[in-house]
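In what follows, a structure is listed as structure tokens, so that the remarks can point back to it.
Chain nomenclature is as follows: A, B and C, assigned in order of appearance, with residue numbering initiated at 1 for each chain independently.
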Amino acid sequence: MAEPAQGGLKPSQGGRRRWRPQWTARMALIPAMTITIVCFYGFIIWTFVISLTRSRLLPVYKFTGFDQYFRLFANERWWTAMQNLAIHGVLFIGGCMLFGYLLAILIDRGIKAEGLFRTVFMLPLSMSFIVTGVIWQWVMNPGLGLQEAVRALGWASFEFNWIVRPDRSIYTLAIAGIWQQVGLCMALFLAGLRNIDPNIWKATRVDGIPVWRVYLHVITPMLRTVFFTVFILMSAIVMKAFDLVVALTGGGPGFSSDLPARFVVDHILNRQELGLGAAGAFVLLCTVIAVISPYIHFELRKERGGRGH
Amino acid sequence: MQYNRLALYGLLGIAALMVLSPVFIMVSTSLKSMDEIRNGSIFTLPADPGFAAWGKAWFGDCAKTLGDKCGGLSSSFLTSVKIVIPALALSVGLGAITGYALAVWKMKGANLMFAALLVGMFIPPQVTLYPLIIMIRELGIFGSIGGLILVHVIWGIAFTTMMFRNFFKTVPQDLLKAARIDGAGFWRLFWHVMLPLSLPILGVAMILQFTYIWNDFLLGLTFGGRSGQPMTVALNNLVGSQFGEKEYNVDMAATMLTALPTLAVYLLSGRLFVRGIAAGAVKG
Amino acid sequence: MNGVELCNVTKAYAGLTVMENINLEIADGDFLVLLGPSGCGKSTLLNMIAGLEPATGGAIHINGRDVTDLEPDERDIAMVFQSYALYPTMSVRKNIGFGLKMRGMPKDEIEQKVAEVGDLLQIGPLLDRKPSQLSGGQQQRVAIGRALVREPSVFLFDEPLSNLDAKLRADMRIELKRLHERLGRTIVYVTHDQIEAMTLATRVVVLDRGAVQQADTPENVYRRPANRFVASFVGAPTMNFIDGKLMQSGDDIVFDSGAGALPLVDVPVGARDLIGRSLTLGARPEHLLFDPAGIASRVLLAEPTGPDQYVRLAVAGSELTARIGPEQPFKSGTDARILIDGARMSLFEPQNGQAITLG
């Protein structure tokens, strides 16, 4: 049936006499449109094209098919980086969500000085990954940092030298990463908790259900879209993770804490392996798309649903 | 019930302590002398706090570095300021106009374009890094502040547009109709009606964009060259340089100096930051 | 001609035609109410007159000028919205003056006009407040002021009273009517509220499913509905409908529903031609008359409303609602005798619901 006024300000059709604001609106979109088309999608295609060539220091357009991808998948450092991405991803995302949710629940229990706690937990968010990396590098310094401080307290055999151990360095990334991002997860979960109808709480109190059971069986299932969003956001952060590795471990010792994002930048900027770096970048993009596409789908569906009535 | 409350505050207190201790360690280390650092614990307060390390971090140590520069952060601080102010103004301004055009002036393909822009926010910068280098070099602004500003605008537009579009979408249609009937065109509707309405969102977008641009490392590293080194890059170089003995107090002072502007903005803006961070979270 | 004229106006969304060939003439100074259920297209029609939505086909004339392709601000109209749509960041003064400012009127002139309108609507003391500091009724006045100050040749109202509570709505209705009588400007007014339509309009256009069902004076829309839709949409409680035939019974004419014969009184002469045909009879609740000469019926429920009572009756295989004064209370389960005021009844074709005009 005739849905009134749904369309908003639509351009009139037919004879055109004077300059129409709709045309100005179109022109105002030109800069953003250019950036989107050229700098986002055009450049993705360009990178893909480079990945099909044997470019090293400079782009040369001699195509070698998927050679660079074969080289990439035969590259041990790449696989270390990918493996690290998986380990770091699980620890970082899992840790952020777990601790973020717990903090949000604690804060939501009706505490005093809520603003203070919230400010504290979100404080690291305002600092850069570089700052975070440098601070934690110092804290985890095996000679003068945490290890030494605990030993000085009397626990002589205490060991916390992960940052210099090739088999442990990747875990230090998760520690620093969680420290920085847990506040964001907390804020998102807290917003979700605050959105829950207070009558739900009244109902469970009338029914005499213990608080922890309410969180486990009632509240948590209600927050599944929040969990989904947080998961996606944290994944996006993990896959772009570059600064933190550079500042915290420098990818080391050796390449033991390398990540794909760093691998790509290193090969493009420092190692004159443009083709290989481009191939790595493209694989990285495919990983991102695989994780993000359900989210984009979800957002757009929400958008469409929201405009119904 | 009482014990429950006690446990609640206990847990929160421990968590707050864990979050704050690295910050505390950074500050206290920066106020110590190297001797004290070598012989003491990272958790102790400085016995004789002094700002010597801060001075060194800011002005550099002319005895140690080669060349004419002393390696302090003061010059890169200035660079960061020169980058962040125009990049902030341009990316927020362009985002506001684009978001307004997309949300209010329903055009064919507006939703498609918004979706394309939204996806753009998730693209890892590494993927488009090399073509961007070539573009900036062809424009003749590689290694300059101008180049970095442009790159920040390109990378910021998706986020700022999203913030403003989503806000302007919530403005009632009737209000827009009333303004059209009153005779306000594209720019006058924006200037007289929409922009005054969006002041809170404008604040949020400015604060977050400031934080993102100031904290950026990859773009500064790639496009800054020697003359356009922002503070994060300079900090990383300072900490990573291997000349002589490592001075942890100077490192921490430099870290503190780098973190200070965004920390200050965060603490002063409070609620706005919290409000925006959820919306802008995708930026990471 | 002056006023507003719609010629074959058509509206389609994404190829789906929702309105076809709407023709309307709104005379200069008319208070025209577009009445219909939600989704009937009345707001779309108003938006097309305003230029906020383009017409897919046809032409719109305002004061003899073809405005079909003009922007809203070029059409010499002003509009008042259900949500008031005041600019939240501007003071009342700025809100009212905004349209004049956009047209480049000098400041002191704007100031003077705003003051005049402020006096007229008695919102002078509020001029320096922000909309958020005003009550709903005050906001509505400001919205009307914003339209008045421009002195357009046509005012468009989009359900302007729907957001007000019942008492305020009644007050504003009176005020709008006074305003129209005083200014004499053309008004096109959209509502789904039939009371507003009946009280305010000089002409009512009833719309349903994107088509004009009837365009006439409020009295005629009520007394002589053009079809079953109009008959059932206008009037509360709604009109009673009974399917059956007119039959001769001695000297009288009765309406035979198959389950009983309802006696009619004062039947117009022309109705005799229809005897034996299948018809739908429509009788408003006040046209069911309690009379010892009537047919026996059973009282199912009586609802006193204060000035009236609505009596639900089972009679001749149907349930009918009658309206009567409160003096004589009815009790459920008792019997009552009724007949139908034939002079005021409506007759419809059972197939298409069109009204049958009696000669």
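Just so it is clear, contacts are C-beta pairs under 8 Å (C-beta built on N, C-alpha and C of every residue); 3 or more make two chains touch, one makes a residue touch a chain.
All values reported here derive from a predicted model rather than from experimental measurement.
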Two chains sharing the most C-beta contacts: A-B
Remotest chain, chain A as reference, centres from CA atoms: C
Separation of chain A from chain C, taking each centre as the mean of its C-alpha atoms, in whole Å: 56
Interchain centroid distance [CA atoms averaged], chain A/chain B, Å: 16
Multi-chain contact residues (two or more partners), chain B: 177, 180
Chain A: positions in contact with at least two other chains: 5, 7, 9-11, 21
Residues of chain C whose C-beta touches two or more other chains: 47, 52, 71
Residue ranges of chain B touching chain C (in the complex, touch as defined): 172, 174-175, 177-184, 188, 192-193, 196-197
Of chain C, residues touching chain B in the complex: 47, 50, 52, 71-73, 77-79, 81-90, 98-99, 102-103, 146, 150, 158
Interface residues, chain B side, partner chain A - complex: 8-9, 11-12, 15-16, 18-20, 22-23, 25-26, 29, 37-38, 41-43, 94-95, 97-98, 100-102, 104-107, 111, 113, 115-120, 122-132, 134-135, 153-154, 157-158, 161, 173, 176-177, 180, 185-187, 189, 211, 214-218, 221-222, 232, 235-236, 239-240, 248, 251-252, 255, 258-259, 262-263, 265-267, 270, 273-274, 277-278, 281-282, 284
Residues on chain A engaged by chain B in the complex (per definition of touch): 5, 7-11, 21-22, 24-26, 28-29, 31-33, 35-37, 39-44, 46-47, 50, 59, 99, 103, 106-107, 109, 111, 115, 117-131, 134-139, 141, 144-146, 148-149, 152-153, 179, 182-184, 187-188, 191, 233, 236-237, 239-240, 242-243, 246-247, 250, 261, 264-265, 268-269, 274, 277-278, 281-282, 284-285, 288, 292, 296, 299-300, 303
